[in-house]
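Please find the structures below.
You will see two complexes here that share chain A, one where it goes with chain B and one where it goes with chain C.
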Partner chain A sequence: MQLFFEQILNGLAIGSIYALITLGLALVYGILRILHVAHAAVYTVGAYVGLAIYSRTSTLLLAVPGSMLSCVLLGIAIERFVYFPLLKYPPYVPLISSIALFLGLEELCRIVAGPELLTFPATLPFPSFSVAGVMVSGTTVTVYAVTIAVLAALWFVTAKTEFGLAMRAASLDMEVASSLGVNSKLVVDATFAIGSAIASLAGILVGIYYNQVYSTMGTMPAYKSLALIVVGGMGSTVGTVLASFLLGLGETLLISFANIPLPRDALAFIAMILVLMWKPTGLLGKR
Partner chain B sequence: MKAKAVLCAAAFVILGICGAASAADTIKIGVLAPITGFAASDGFSTIESIKLAVEKVNSEGGILGKNVELVYYDDAADPKQAVPLANKLITQDRVIAFVAGSYSMPSRAVAPIFDEEGIPLVAAYALHPEITNGDYTFRNGFLGTTEGRVAAYTALELFKAKKVALVTSDNDFGQTLREGFMGYLKKTGREGDLVLQQTYPSSEKDFAVYLSKIRDAAPDVVFFSGYYFQTAPALKQAKEMGISGIRFIGEQGSDSPKMAEIALDAAEGFVILTNLDRDDPRPLVQEFLKSYRDRHKIEPDMVGASAYDAFMIIVDAIKAAGSTDGKAIRDAIAATKDYNGLTGVINGFDEAGEVLKPVQLQEIKEGKFRYFGIVTDSELIKP
Partner chain C sequence: MDYFATVATIIVIQAIAACGLNVIVGYAGQISLGHAAFFGIGAYASAMLTTKAGLTFWQALPISLLISMSLGFLLGLPSLRVREDFLAITTIGINFIVEAVFVYTPFFGGALGLGGIPRVAVFGSRLGNSQFLALCAVFLAITLMICRQFTRTWMGLACFAVRENETAASSMGISPVRAKLSAFVLGTGMAGLSGALYAHYARFISAGDFGFPISISMLSMVVLGGMGTLAGPLLGALIIGVLPEVFRSLMDYRMFLYSMLLLLMIRFQPGGLLGEQSAAAGLLKGILNRRRASSA
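Let's look at the complex of A and B:
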């Protein structure tokens, strides 16, 4: 029973990380209907920039906002200079450019920072604690805390503010929203900014959690997050978060109690195939 | 018309002679290593260590009166990249021998290519059994099965474990380790003492779920195999999770200066099986360690030392053979005896091309690998 409880906590931590990485992708898809594969590169850049600032200043208080700001600028630049000019073409055109951008940014990170794996030896500000005989490490507590904070902030912005209303309107139909006075360009910019800022946080968090930052760290998130937004229901942020936690828990329980010789990464894709076969709208998708 | 043809023919002959002459100016030895990609630090170590060997050989007058020239390419530990590069080394660079300085997958893909061409190959540290299937193929590192067997011996005999656990990656490397480990348990009738056997995908980053299972199974010793970028975060997580009273041992995949850099103080007391002893008093070893540290400001590792040895075994064989003929070099490598290498005194190679030498045990103390023990029992270290 204790093992089960412990594994649930492990699964929630993995699910939290998946959710943080995938949220930006879901937000962007919700608004522009673009599969923003390069989002995983923004996450990698976030980790590198965070590490670069941290190694010079030794404080996360500068590293985190600095990295978030860089990623916001990068995200908006990608939207303005790559996706927006391509929106008039069929969806596969921005998709292809997004994949190219992803690979290009990964290589750029490698060239600038070197092929070596770097370490991110920052200590996180949360203490470890025990519940029911299970010790939860400080880093895991940080993962939970950051995820809860991000989800709460995102919920507040989208559900309680005028801007959130504009976002929801634009995601339903951008042209109609524009004709009704919504500044859709600003909404799109803001969506990329929010998504990229969360990706930067995720990058730093993962970098510290595993104490590793390397240029290909976005590869696994790039494809797994695609599966997650399909399972969650394309563009549904709540569905994506739900799918992320279910996958984290599913992977953990599978490894823990089934011990089948199936790579854990396969589970996301099996779920994606099943969803596409039986419920193509995803868990909480509307269209 | 005829005059033109003669001119052409003459030009070709002259070109041919010049080509041959320039090719013969140096003795070319080829290397493939993962200079970029996930294994980049191993590629760096491989190439930089071999460069030290090349400098040493050339400063001592080269071989057969010629300088040695190193021709190396980056295979990114990817078989798809390695195969065309192997062909390039053979047809364009015309190397006379080859150091397989990469991981098992790419080394396994290129070994038959060199073997078919009659170009001797020495694998530095890759441990898949099939690499040495050919007649011209040798290995300076240990087989996975040997390491697995010695790991089981270390856990049961040296650490007197009553209960052991085995954790391996789901790739080639993990599978051969598992075979060796299980083989020893079977032979000694201790299979019942294995409380957990667990594999993880080679792309794994998060080990919390495995560590919870290990804590639950409560072994005395866990053989936690894998590369440093897996075992180091695993040790770090284990410490954060408050796991204590379980000894972790690893193998050569964890033999990297990055190990303690990633795991920090959680790496203390981690014992690995490897082939480089940093406290080896022989001048050869200490000189190498010093020049590597001075030049790169980082700790040398078994990958580099193994590549250095693989290269020097070839150099020695060329000297012994007195020829650059592939067959002659191959026979000289096969006849290697009591070779004084960085990775220990190499007794020689067996019929299959597998190395015979002691297995080193190193323990991390204050962030550095130090001598912990040595396994010389021929029953254990045999391929």
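Let's look at the complex of A and C:
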């Protein structure tokens, strides 16, 4: 029973990380209808930049904002120089460019930082503790705390501010929103900035959680997060978060308690195909 | 000569698969990111039939084609019902699942792969490297002929119509699902053929040969050459196949160069080298026409 609870906590932590990575993808898809595969490269870059700053200054107070800033700039650069000029083409053109960009950035990380696995020996503000014999590590608590903070902030921005209203309007119909006075270019920039900042947080968290940073750390998240936004309902942020937590829990529990002859990474895609057959719009999709 | 034959055979085999992908992406406008799965299904089918069931390559070939085409039909049926954004993702999923099945099923040799696949024999004599290259070239020629014929059939024209505008096409009485599915089945069949040739060429296959990166490199061939053109996939396969030989000294930067090449291509010339409105296409057409005129 103790093991079961520990696995639940693990699953929730992995689900939180999936949610943080996939949120950016869902936001971008919601507004530009582009599958932003290169988002996972932004996440990898975030982890590397965070680690680089941390290993020189040994404080997360500089590493986190520094990494977020560089990811925001990278995200906006990708949007301005690659996606925006390609919006007039059918969707597979930006998709292919995104995959190419993803592979290129991943390779760049490997060439710059080297192919070996780096460790991320950061100390976290939360201590480890145990409740009724169930160990809860400080890293796990940090993952929960960051995820809750990000989700709350994102909910506040999109639901309660005027800017959030503009974002929602632009995601419904960008042309109509522009004609009604929404600065759609700014909204798109901001969407990429928010998504990329969250990706950088996710990168640093994963680096600390598994204590490793490597150039291909974004490969599985890149494709798994695609499956997650499909399961959640394309562009639905709530659905995406729900799908991420379900996958994190499902993966962890199935791997530890059921002896299935498939790798854990294939589960996301099997779940996706099952969901699509049952409900082609995803869990919370409307269209 | 052997070096040349090795490089050329791989290029020809990949060109066959790229032609198949071109039918799906270029003709019917359906993005597939899991083409390597069907390449792998063809390879595994032929390898299993020749090593475990004791058939010859020629007996196994029609069965392998049938297997890859029917799996293409079965996997295409649910995938093609969804919108095109979804299709890209479901095909990625198919690729990962098929690869996982090959790795995790002992029946398919598991992580160790399948070895001891016999060479192809014609009239009882085993083919050497250059003879096998000739055989692959014959298959490539047949593939190209089928592609060309397909664009002239009713179904081929229906695919073009669906690619341009699905709603308009269905209002003209074309069933988009049927058109897409026929393109998908034809394309996966060509991938299966290419896979079968690959298995008997490499003579040892493992799941890693058919992973997602291979799908990306096949898509790069089609995009580089020009989606929807007849010769585009050929040119793409040639470029992607020759580049690693040219850049052998830059081995470490190879993937980076590839991806940047693909990015620049799709960013500035989404139609590919031989696509419409392409500068290179005009130049090449001029040269080809002159050749044709002088040979006639």
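The definition used in the following text is that the second predicted complex is superposed on the first by the 287 of 287 C-alpha atoms of A that agree within 3 Å, B and C clash if a C-alpha of one lies under 4 Å from a C-alpha of the other, contacts with A are read in each partner's own complex, and residues count from 1 in each chain.
Keep this in mind: a residue touches a chain if its C-beta (ideal position, glycine included) is under 8 Å from a C-beta of that chain, and two chains touch if they have at least 3 such contacts.
This is a predicted model, so every value here is computed, not measured.
A.B. asks: Let's test your reading of the overlay: on chain A, do chain B and chain C clash or fit side by side?
C.D. replies: Once chain A is superposed (C-alpha atoms), there is room for both chain B and chain C without a clash.
A.B. asks: First (chain B), second (chain C), both or neither: which does A:Ala100 touch?
C.D. replies: second
A.B. asks: For A:Leu69 in the superposed arrangement: first (chain B), second (chain C), both or neither?
C.D. replies: neither
A.B. asks: Touching A:Val157, do we find chain B (first), chain C (second), both, or neither?
C.D. replies: Neither partner.
A.B. asks: Using the touch definition from the top, say if A:Val230 reaches chain B (first), chain C (second), both or neither.
C.D. replies: After superposing on A, A:Val230 lies in contact with chain C but is clear of chain B.
A.B. asks: Roughly what angle, nearest 10 degrees, sits at the C-alpha centre of chain A between those of chain B and chain C?
C.D. replies: Seen from the centre of chain A, the opening angle is 60 degrees.
A.B. asks: According to the stated criteria, A:Ile8 is in contact with first (chain B), second (chain C), both, or neither; which is it?
C.D. replies: neither
A.B. asks: Identify the partner contact of A:Leu165: answer first if only chain B is touched, second if only chain C is, both if each is, neither if none is.
C.D. replies: neither
A.B. asks: Touching A:Asp265, do we find chain B (first), chain C (second), both, or neither?
C.D. replies: In the superposed model, A:Asp265 contacts both chain B and chain C.
A.B. asks: Can A:Arg33 be said to touch chain B (first), chain C (second), both, or neither?
C.D. replies: In the superposition, A:Arg33 touches chain C alone.
A.B. asks: Minimum CA distance, chain B versus chain C, superposed model, integer angstrom?
C.D. replies: Across the overlay, chain B reaches chain C at a minimum of 5 Å between C-alpha atoms.
A.B. asks: Starting from the residues of chain A touching chain B, keep only those that also touch chain C in the other complex, and list them.
C.D. replies: 261, 263, 265
A.B. asks: Quick one: which bits of chain A touch chain B in the complex? Just the residue numbers, please.
C.D. replies: Residues of chain A touching chain B: 2-3, 6-7, 10-11, 13-14, 110, 114-117, 119, 121, 128, 135, 137-140, 210-212, 214, 216, 220, 251-252, 255-256, 259, 261, 263-265.
A.B. asks: Would you mind writing out the residues of chain B in touch with chain A in their complex?
C.D. replies: Answer in residue numbers: 35-38, 40-41, 43-44, 170, 198-201, 203-206, 208-210, 212-213, 215-216, 229, 232-233, 236-237, 240-242, 258, 261-264.
A.B. asks: Where on chain C is chain A touching in the complex?
C.D. replies: Contact set of chain C toward chain A: 25, 29, 31, 33, 78, 81-82, 84-86, 88-90, 92-94, 96-97, 100-101, 103-105, 212, 216, 219-220, 223, 252-253, 255-256, 258-260, 262-263, 266-267, 270.
A.B. asks: In the complex of these two chains, what residues of chain A are touching chain C?
C.D. replies: Where chain A meets chain C, its residues are 33, 35, 82, 85-86, 89-93, 95-97, 99-104, 107-108, 111, 223, 226-227, 230, 234, 261-263, 265-266, 269-270, 272-273, 276-277, 280.
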